[in-house]
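Note that subunit A is present in both complexes that follow, paired respectively with subunit B and with subunit C.
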Partner chain A sequence: MTEGTLLSVRNLRTWYELRKWGFLRAGYVRAVDGVSFDLGRREAVTIVGESGSGKTTLAKTLLGLVAPTDGEMDVAGRRLDGAKGKALSWIRSNVGFVQQDPYGALPPFMNVRRILSEPLDIHKVAKHEREQRIRDVLKEVRLIPAEDYLHKYPHMLSGGQQQRLVIARSLVLDPKLIVADEPVSMLDASVRVEVLQLLRNVQEEHELGVIYITHDLSTVRYFSEFAFVMYAAKLVEKAEVKELIHNPLHPYSQALLTAISDPDAENAKIIKEVPAGEPPSLVHPPPGCRFHPRCKHFMDGLCDVEEPPAFVPVSGHEVECWLYREGEGAQGGTSEESA
Partner chain B sequence: MRTVVRGLQELRRYPSAILGLLLVGLLVGVSLYAVIGMPYSEAIHLWRAGVGVWDEYPRNARPVWTDLFTRERLPRTIVVRSGEDGRVASEPTEDGTRSVEIVLPFDFQYDGFPREITLFVDTQMTEGEEVRYTVVWRTPGEQEMTLTRNRRVRRSDVYRISQDGTVRMALPGMPAPEVGLLADLEQRPGPEGRTVVKGSYEVLVRAEIPADAELTARLVVYGQIAGLAGTDHRRRDLMVALLWGAPLALAFGFLGAVGANVSTFVLAGIGTWYGGKTDSVFQRLTELFMVLPLLPVLIMVGHFFSRSLWLMLGLIIVMSVFSGAMKTYRAMFLQAREAPYIEAAQAYGAGNMRIVFRYLLPRIAPVLLPQFVLVIPTFVFLEATLAVIGLGDPVLPTWGKVMNDALGQGALYKGYYYWMVQPAVLLMVTGFGFALLGYSLDRVFNPRLRGV
Partner chain C sequence: MSEQDGLLQVEDLKLHFRTRLGPVQAVDGVRFSLDRGPAMVVVGESGCGKSTLARAVLRLLPRNVHTYTGQVILNGTDVMKLGEERFRRRIRWVKMSLVAQAAMNSLNPVVKVGVQVAEPLLVHRQVGNKREALERAREAFRLVGVSTDFLERYPFELSGGMRQRVVLAMALIANPDLVFLDEPTSALDVLTQTNIMNVLKGIKRDLGMTFILITHDIATSSELADRAAVMYGGQLVELSDAGQFFTEPLHPYAERLMASVPTLREDRELDFIPGQPPSLLNPPTGCRFAERCPSRFEKCDEEPPFEDVGGGRWVKCWLHV
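Take a look at the complex of A and B:
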């Protein structure tokens, strides 16, 4: 791990046990199955994936809310998996969490001041500092003037304001990393961009690492440098955002990009090519490449037998797909697709 | 907290809530009045009715307000003391003693006969000596009748005129001395019974006492009505029990509700949050206590161990903590525990206890409040039930104890309705007040019932 790395995840697995008759194991839900990535300081990364791909479990694992089954996680050089006591407390104060449903994420019986002082109280921030911290973060999320908001309860705020309050709460402990799990998917389209830009500004100002988890590729470009595509508990493609949007390599990424809706009247006439079938069961994932049952480039005897390792056909662009194995010609598949 | 405050403000919209609040407020006021006006030790002293405490109260007298509903004026108790209204005449005799005559006059203007007539005689003289005294009854018509002659007294004597067989014999045709002494002897008893001769009566106490001795006498003509609540078979003023019953009932109900309902709530929250073994233990205990019958266990403990009110309360709480309410609360907590803000709280480092007490319990607290209010009268009734079946605290003046006495003395059979009805009405008012308040609170805090 280099000096500039904030978060390093190696071969992370989070499996949920399925029980039958109380003690007999019926199997596991492999919600996160072998995920590795690095995140530098001041870097934002988007993880894109559809429902049930394991995004949220990944977020919860990174936050320490779910214990990983296997693998390693380090934040700023501190071991995250299996952390207890002080180490866990350090992680709690240094990793912020922004949830999907802003109203649900705020205790309805606490006012803004209580909501923001709770984390400070837990981490024993001195009393005189608290008020200043609360005002600072409210200012940062543009809930100003603070006096107007301190005594309000969550139901008195609009959706956008609620989400900004959630962001303020995640910032109040001055964290190094923020995990945002679908922070805008429950907001009106009109305030999505605003909230995302706010998050981006905060990230740049405080030099935070941000992991932005979404199912909506269209919001990715507002946000991050990097984007990871998650499919069936694995990160199948990692690239810079521009590279991913203009040159998606994995057949699944290509399908996702095609599916982005675009308010253009012409689109009504185009029938988009969407991969048939559904995401696979995470209890019994398909052998080999997990996308192979839906892939139009399916290669019999390869894709359904062996799991593809990460190939780097273009510098800085990793993809787990047999199309890009050595000798096959890195550009081959791509040109074919873009044609 | 906010929902609770807002809900309480909303209560004003319900007239039933106002009435309930008034009733509960009244009970609380009565309790405060009782506790401040009559300290605990005094109340216990009065209720245990030691010698001399209730001398001047009639047995089983109706409350004074019943006089308002009768055509006749019912007699009240008259007390005449030799040192106050009585006249004392004393002159020395030749043999060095004193001859004393105490005149105890009283004006009897009632339409009914007294319940009893008793003369209390006290002496102050050298130990071992005794005095003999004579009692003479003088009617308004200046007729005199000697009730007793040369009755002995050492230090003090209680001469129950109503029970004196000689007097009874001397008044033929009269049902009892207290009737015969005041009745119009000339009159033939008509269908309405005998009439009282109204006017000034006098009781004369004559004695020869040593020169240095003192003799005092006190005449009590017991009425048929006494006190605002009447008296019981031990001459105790029932007001003591009715007043002191209120704080005891409220304390029992409140402590019971806190002990059983609030702790059930908290334990359900803890069990649900920690899950696993904690939850399993709580659930199995609940299932066990749900099938254990409360009353038989209490009866057993009451008979073999102790009938102290507070022991009973403790036992009831222990047996009600893991009650059916545990299941109800658990169901609510299971839902509340999945709220995203609890996950968020975990993510910013809230500990388990903090999550339970600051995030989980406040969410369900609005449901607890009406439950809590509604459960108070059930404990009040339970206390009364225990008292009525004979498991009441032997010392404390509670409503249930009064009803138990009334039942034991056949109050309803003998027509002493006030004895049974007064504590019963108070119990009903308590139940009614808390029920009105509780159901209104339920309507305010339970969204499903709102606007129905």
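Take a look at the complex of A and C:
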């Protein structure tokens, strides 16, 4: 682990146990299955995936809300997996969480002041600092003047304001890392951009690490430099956002990019070619590459047998797909250069 | 628009709800016409009245209706003049049907999906017996790309995308002239969304079915749109051909809305609209967007007319009168 690394995740697995009649083990839901990545200080990374791909479980594991089954996690040099007591409390104050549904994430019976002071109470921040801290974060998320908001309850705020309050709450303990799980998916288009820009500004100003989890690839480039694509509990591709958009390597990423439309009347005239079928069950994932039943480049006897390791066909661009193994020049992969 | 191929004409449609605080003007003076064939999308933010518009046309009203007036002319007949029972027998689902929001979660969990899809035919006595109805359901399943093995299954055995297709089959089975789709793909994954859009495009092309797609997702709406309408504060503010609308919207709200849509491939600065939409309890008397509009001037205190500005474009703005 190098000096500039904020978060380091190695081979992380989070499996949920399935029980039969309450006590017999019936199997596991492999929600996160072998995820590794590094996040530098001041870096923002996006994890893109569809529903059921395990992205929310990954977020919960990083927050210490769900214990990982296996693997290692370090935040700023401290071991995260299996943390208890004080260590867990340290995580909670240093990793902020921005939830998906702001209305559901805010207790309806608390006003803004109480919502923001609760984390400060729990983590025993000195009383005289609390009021100043609350005003600072409200200013930060542009709920100003603070006096107008402090006594309000969540239902008195609009959707965008509620989400900004959730962001304020995640910042109130001055964390090092923020995990934002679909922070704008419940908001209207016109407000979405405002909230994303706000989150970006906060990230840059406080030099935070941010993990932005989303299913919407089109907002990614407005937010982060790096993006990981998650499919069936694995990170199948890791690249810079621009590189990913212009040169997607994994067949799943390619399909995902084809499927996303930009507003253009020409779209109505063409039928897009996308893989049929659904993502696999995470209880019995297919052997080999998990995308192989839907993949048009399927190679019999390889893709359905052995799990592809990470290849690096272009420097800084990792992909878990057999198309890019050594010597295989397919799909623009230039494996010789960087190997 | 010529008389022959005009399918639907809506004139000054109003639907206000009674609430404790006064009437809510959810749909207020909507006016548009649509030919047979081209699909229309209605876009707008949540609370702008777009779902209520579909309900007002289909007369699926809640109990607290305050005002319900205007004309809905379908194939030359003003269906607003029909009594409730005649409307139910002759129009709803037979001539116009609806895929309601989150409809895939409203399937009856204890009835096989094939039977549920066939049901409208039996209710409307379009077929003699259940066997024939199921045969038609089989055809409808093929049309929307669901394997006919699924006829015998229950909703919980189907994935979200499959259920959404089943609901679509239900809306299509009586062979209506017009189908309203209210956010048909918003709860689905990107790839599933694209697959369903492909199905809709195919049906539109092969059967000449007319769709009205109601959505907040502008990028996805372009997958189906021939005409595009923008709704704001219970009113239509712009109605244009999709090609013109996506490249050059006229109404200041439509313009700002388009500027806030994130794009994947194109590199441009995003913008957002400051402020909030007006309350529909006491909407402003003049233009409803005036408060947030960058090009506001004195005239905006009066309500602008929704007028044809040429080239088949209708705009409700003093800048374009």
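Just so it is clear, the second predicted complex is superposed on the first by the 329 of 339 C-alpha atoms of A that agree within 3 Å, B and C clash if a C-alpha of one lies under 4 Å from a C-alpha of the other, contacts with A are read in each partner's own complex, and residues count from 1 in each chain.
Rule of thumb we're sticking to: a residue touches a chain if its C-beta (ideal position, glycine included) is under 8 Å from a C-beta of that chain, and two chains touch if they have at least 3 such contacts.
Predicted model only: the values in this text are computed from it and were never measured.
Asker: Applying the touch criterion given at the start, work out whether A:11 contacts subunit B, subunit C, both or neither, answering first, second, both or neither.
Answerer: In the superposition, A:11 contacts neither subunit B nor subunit C.
Asker: Considering only touches as defined above, state whether A:119 meets subunit B (first), subunit C (second), both or neither.
Answerer: first
Asker: Applying the touch criterion given at the start, work out whether A:63 contacts subunit B, subunit C, both or neither, answering first, second, both or neither.
Answerer: first
Asker: Identify the partner contact of A:215: answer first if only subunit B is touched, second if only subunit C is, both if each is, neither if none is.
Answerer: second
Asker: Between subunit B (first) and subunit C (second), which, if any, makes contact with A:201: first, second, both or neither?
Answerer: The answer is neither, since A:201 touches no partner chain.
Asker: For A:257, decide between first (touching subunit B), second (touching subunit C), both and neither.
Answerer: second
Asker: With both structures fitted on chain A, tell me whether subunit B or subunit C touches more of subunit A's residues.
Answerer: C
Asker: Who does A:132 touch here: subunit B (first), subunit C (second), both, or neither?
Answerer: neither
Asker: Can you give me the overlap between the subunit B contact set and the subunit C contact set on subunit A?
Answerer: Touching subunit B in the first complex and subunit C in the second, no residue of subunit A appears in both lists.
Asker: What part of subunit A is in contact with subunit C in the complex they form?
Answerer: 50-51, 158, 188-194, 197, 215-219, 221-222, 245, 255-265, 267-268, 271-272, 274-276, 278-279
Asker: Would you mind writing out the residues of subunit B in touch with subunit A in their complex?
Answerer: Those residues of subunit B that touch subunit A are 1-3, 339-341, 343-351, 354, 358-359, 362-363.
Asker: Hey, which residues of subunit C end up touching subunit A in the complex?
Answerer: 39, 45-46, 159, 161, 189-195, 197-198, 201-202, 216-226, 241-243, 245-247, 256-258, 260-266, 270-273, 276
Asker: Could you please specify the touching residues of subunit A with respect to subunit B in the complex?
Answerer: Those residues of subunit A that touch subunit B are 60, 63-65, 88-89, 92-93, 95-97, 99-101, 104-109, 111, 118-119, 122-123, 153, 166, 169-170, 173.
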